[in-house]
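Structures are listed in the sections that come next.
Two complexes follow with subunit A in common, the first pairing it with subunit B and the second with subunit C.
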Partner chain A sequence: MASGAGGKVSFKVTLTSDPKLPFKVFSVPEGAPFTAVLKFAAEEFKVPPQTSAIITNDGVGINPQQSAGNVFLKHGSELRLIPRDRVGA
Partner chain B sequence: MEDMFVAILSMLLVVALIPLYLWRRRQVPQSHEQEAQVQHRETVVRPTGTRSRMRRRHTSAASTSSAPPAAEETDDGSDEEALEGEYYNAKASKKKGRKKEERQAQRQAEEAARESRHTKQDRYAEIRRRKDEEHEAKERLLEEEAEARKAKEEEAAALEFEKWKGEFSVDAEGTTENEVQDGSQGLLYDFVEYIKKQKCIPLEDLAAEFKLRTQDCINRITSLEDMGRLSGVMDDRGKYIHISYEEMQAVADYIKREGRVSIAHLASKSNQFIDLEPKAAMITEEELGAQDEIAVA
Partner chain C sequence: MVDDDSNEKTTTIRILCRKLVLITKTESGIQWLIGSPFLPTFTIISTFRCIHTLPSDPLSPDFSKESDDIQALLPRGFEVIGALIVGASNLNVEGCARDAIDASGLMRKALSQSETHGLVGAVVDPSSGDIRFFISNSVFESATSVVYEDQPQKYVWERSCVLSCELPIKLPVYYSLKDPKDAEDMLTRATEAVASKLRDVKTTYMLETLDGSVTKAPQPVIIWNSELGLPSDFTFGTPSDNTSQESNAKSLSCSHFFSEDRNHKSCSVENADKIHVTFLLATSGASIKPTAPFAEYIPGEAKLLVVDYKLKVICYAAKDLHLTDAVSKLIIPGLVDQLRSMKNMTLSNILSQHPKLHPYHFNPPGYLHPITAIYESHYGETEMKQVEIRRALHLRLGLPLDRPLLRIASAMNFSIPKEGASGNILRKGIPLLKDVHMGIPNSGVQGGIVSLVQGSYEYHHYLQDGFDDSGWGCAYRSLQTIVSWFKIQQYTSIGVPSHREIQQSLVEIGDKGPSFVGSHEWIGAIELSFVLDKLLGVSCKVINVRSGDELPEKCRELAMHFETQGTPIMIGGGVLAYTLLGVDYNEASGDCAFLILDPHYTGNDDLKKIVNGGWCGWKKAVDSKGKHFFLHNKFYNLLLPQRPNMV
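Up next is the complex of A and B:
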């Protein structure tokens, strides 16, 4: 799942609000702001980006105001996309 | 002495006549007002005249001796009564006029005060309204600025997103397998059957296959052995070897037959009884063996 070659990182994002738990693997540049990754992932899953958040599999919230490389380093590549009213629940 | 008496009597008469006259005046106010207007001019002279006359009367009353004092006094009294009437008319009308003027002045003053109060209130209301308008205008300005700022930020974010979007790609997609949700009994059966088929399996591989932790796998196997659904041995290199009851029975029978057997000999013999090949291969051999038997038969 993880690859740092070519300045890109991969994230496997699972949409947990869907019972089928669909997932997508995104390959993004390391330096991309994670807000853009979040917006891209939300658009791919056809959910509104303004009301979505990305958390780890352990339920730890991810601050999107950092680069994708930082997020990959701190939290790994297995992430979850949740509706924003579920943050902290 | 008598003179004194007469004087006192005449004074009493005059005092008694005054309220009578006032009462009469109240009954006919209009005619008296007219008279008062005419006599108003004469009042300047009259009061002093009447006062002096009254003084003269007192002295004359004091000095006169006998004579019917009442008759004399009544004559004098009627004249004086008229004079007094006129005097009091004038005085009352003057007083009334003064009161009227005072009331008018008071009313005017009140009106003026009311007007000034109204103008003051209007001015304050005007000032307050202007201040409210300014405040609202300021708030509106602030809101517009905030909205403009927000729109600018959103625009900047959108631009940045467009800039990076081109470099994003979706490598893979799918749905997470939900075997656990579909049927847990089936999973356990699969677990057992998988172990039986594999015969000798590293525990880590088993854990990866069923998405469990290695320790959890060990616990499961121990529990299944207690339940009697599995039988086998776990070696110290992290493998589990499934040995069926039949194989164990075969080893037991051999030991009973031999009676006394060394471990090395038993181990070499057990390799014959216990097959460590994966069961898929075993099934193929059994099928072949069955076919041979049929052929022989």
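Up next is the complex of A and C:
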């Protein structure tokens, strides 16, 4: 997935918690915060964004506090949406 | 091997270092062999790789650069006694050995060590790995016997000690503004002035032991300059038998400070007996010739630069060495060498940027003796030039290039301990338990391969340091265990963060709102990855499984993680966080067990209680009663911190 004209980047995000492994493709401006991608993906898959996280296909964690363009350069475009564990008991 | 006693001293080569050949077989190169005048002539204690060679020939050392480096690196009391060459195949073995011996002779000369000395030349055949040894002691001949010593630590440290000396110096350097190059000359002159001052008539040296455990420590010994021997004499005489009445400093040896009984202490650098030397200058007293006070005025514009050095030297000596010799032939030359090394490091950018040079002493893994490295602390440890310096050191010492082993955090401390010095002591003065998994019972997996965390970690759990996080803090505690691993392995020098500091990090990166700080909110693997990234710059891999039942399938991947990365793993799922320290996995049968360190433990740091209660133990995915350790209807996230590839 190449970055298109007008400074946009595309990501293919797969929902791993669903055995059918559905995916969606999103295109966002390079400078957009990656949190926007997380939010869109979560909404599309109808899961709460606060309890979701995005990792690469190799399992590398992505800090969403960077630009979409940065994430694209560092990690590519194949990503996964996973649920966040919250543990404490 | 049975040696003929008459030949014992002349041709037996004794090898103490475990790993003699540092150069891989595909390269060719030369290594220096290190010995000591206090041990028998052909005793090889360690080896350094020669890293500065002529561009045209990897077997031709650049003696000037090599000697500068080794002068700074090798403590006095050790010396170059030979060289080892790994050459191309089908080489002329004897010719190579002669080259090695010649090179080591030139190196000794460059280091101002005496030239009449038996030298060892070793040649490694790259295809077979065989080493052939030759010696040159007035004649060149093949070594008749080579002995690999069984207890090298004991051999080196049983009858020896370490002398240390610290000397802060402030050098005033006046230079003319019209001629900036003047500054370099002035620095050189100032340095030489200090070097000669160390042997000034009015200097005095005070020697004392640092061993706090000795109940009746002997009084410090004072040595006046007039009692010191000539420095040019390279030999170290042993004292004749002195009667017990003699307390004249001139006849005392290093063993004066130490008791005979060493049985309770194992021999090593850390446990070696230590003598601290303090340099004193008697400034009062009659001057040589009486003068009236006067002031001198030299017209012209000049600027003053104050160069600040903190010299720290250590030396190795046999216990029966005279204290006066120790000062005159080891300490003073050591101080002068270090002073000149630091001057050379300062010279090139004396005006532009004032480097803050600090010597540090290290005990690198695999080495029987300490080494000294001079680091520049201006821009911190991760600064490019410092990384380059450490990489070069790692290369020279044959250390792996992918992990930090010579960081300031692991430097040895030879100073006089101050009252209440703590070093290893953490919060509230109680050290935490480390590596609680050592010695626990077997996992019960038949025929499996065990893959464990590599290196050390501290056990963090509920209620530690009097902080009540019971019921909410388990993921925080697991994170603390992981950070402690990175700290102990020297990837970071930050302290293990508190719950509040962890929460603060998450707010700072925008993952949580400000009200998060001080709350009892739960976090999980993803938050841990954010904090590790922010506080340590460490990246992580995340394994997500939909059900706890899938975890055994991940065993191969987990085993691979422990083999290659070796970091502790955090497991978050259901409502519980665990720290995973290893897996025992039988690939054929699929049988597996997980070494779990449980942060939910609320008791005190009693190792027996922790192990017997199963708070650190092997858990099978399904135990003998059919009970599942991981929940089948919950998803799990595993956080796998990645070891940064850096020195």
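Just so we're on the same page, the second predicted complex is superposed on the first by the 84 of 89 C-alpha atoms of A that agree within 3 Å, B and C clash if a C-alpha of one lies under 4 Å from a C-alpha of the other, contacts with A are read in each partner's own complex, and residues count from 1 in each chain.
What we mean here is this: a residue touches a chain if its C-beta (ideal position, glycine included) is under 8 Å from a C-beta of that chain, and two chains touch if they have at least 3 such contacts.
What you see is a predicted model; the values in this text were computed from it and never measured.
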Touching partner for A:17 - first (subunit B), second (subunit C), both, neither: second
Touched partner set for A:61, first subunit B, second subunit C, both or neither: second
Touched partner set for A:44, first subunit B, second subunit C, both or neither: first
Touching partner for A:82 - first (subunit B), second (subunit C), both, neither: second
Partner chain(s) touched by A:30 [first = subunit B, second = subunit C, both, neither]: neither
Doubly contacted residues of subunit A, that is, touched by subunit B and again by subunit C: 35
Footprint of subunit C on subunit A - complex, ascending: 16-17, 19, 35, 53, 55, 58-61, 63-65, 80, 82-89
List of subunit A residues in touch with subunit B within their complex: 10, 14, 20-29, 32-33, 35-37, 39-40, 44
In the complex with subunit A, residue positions of subunit C that touch it: 471-475, 509-511, 520-527, 529-530, 533, 539-544, 546, 572-577, 635-637, 639-640
In the complex with subunit A, residue positions of subunit B that touch it: 157, 160-161, 164-165, 167-176, 178
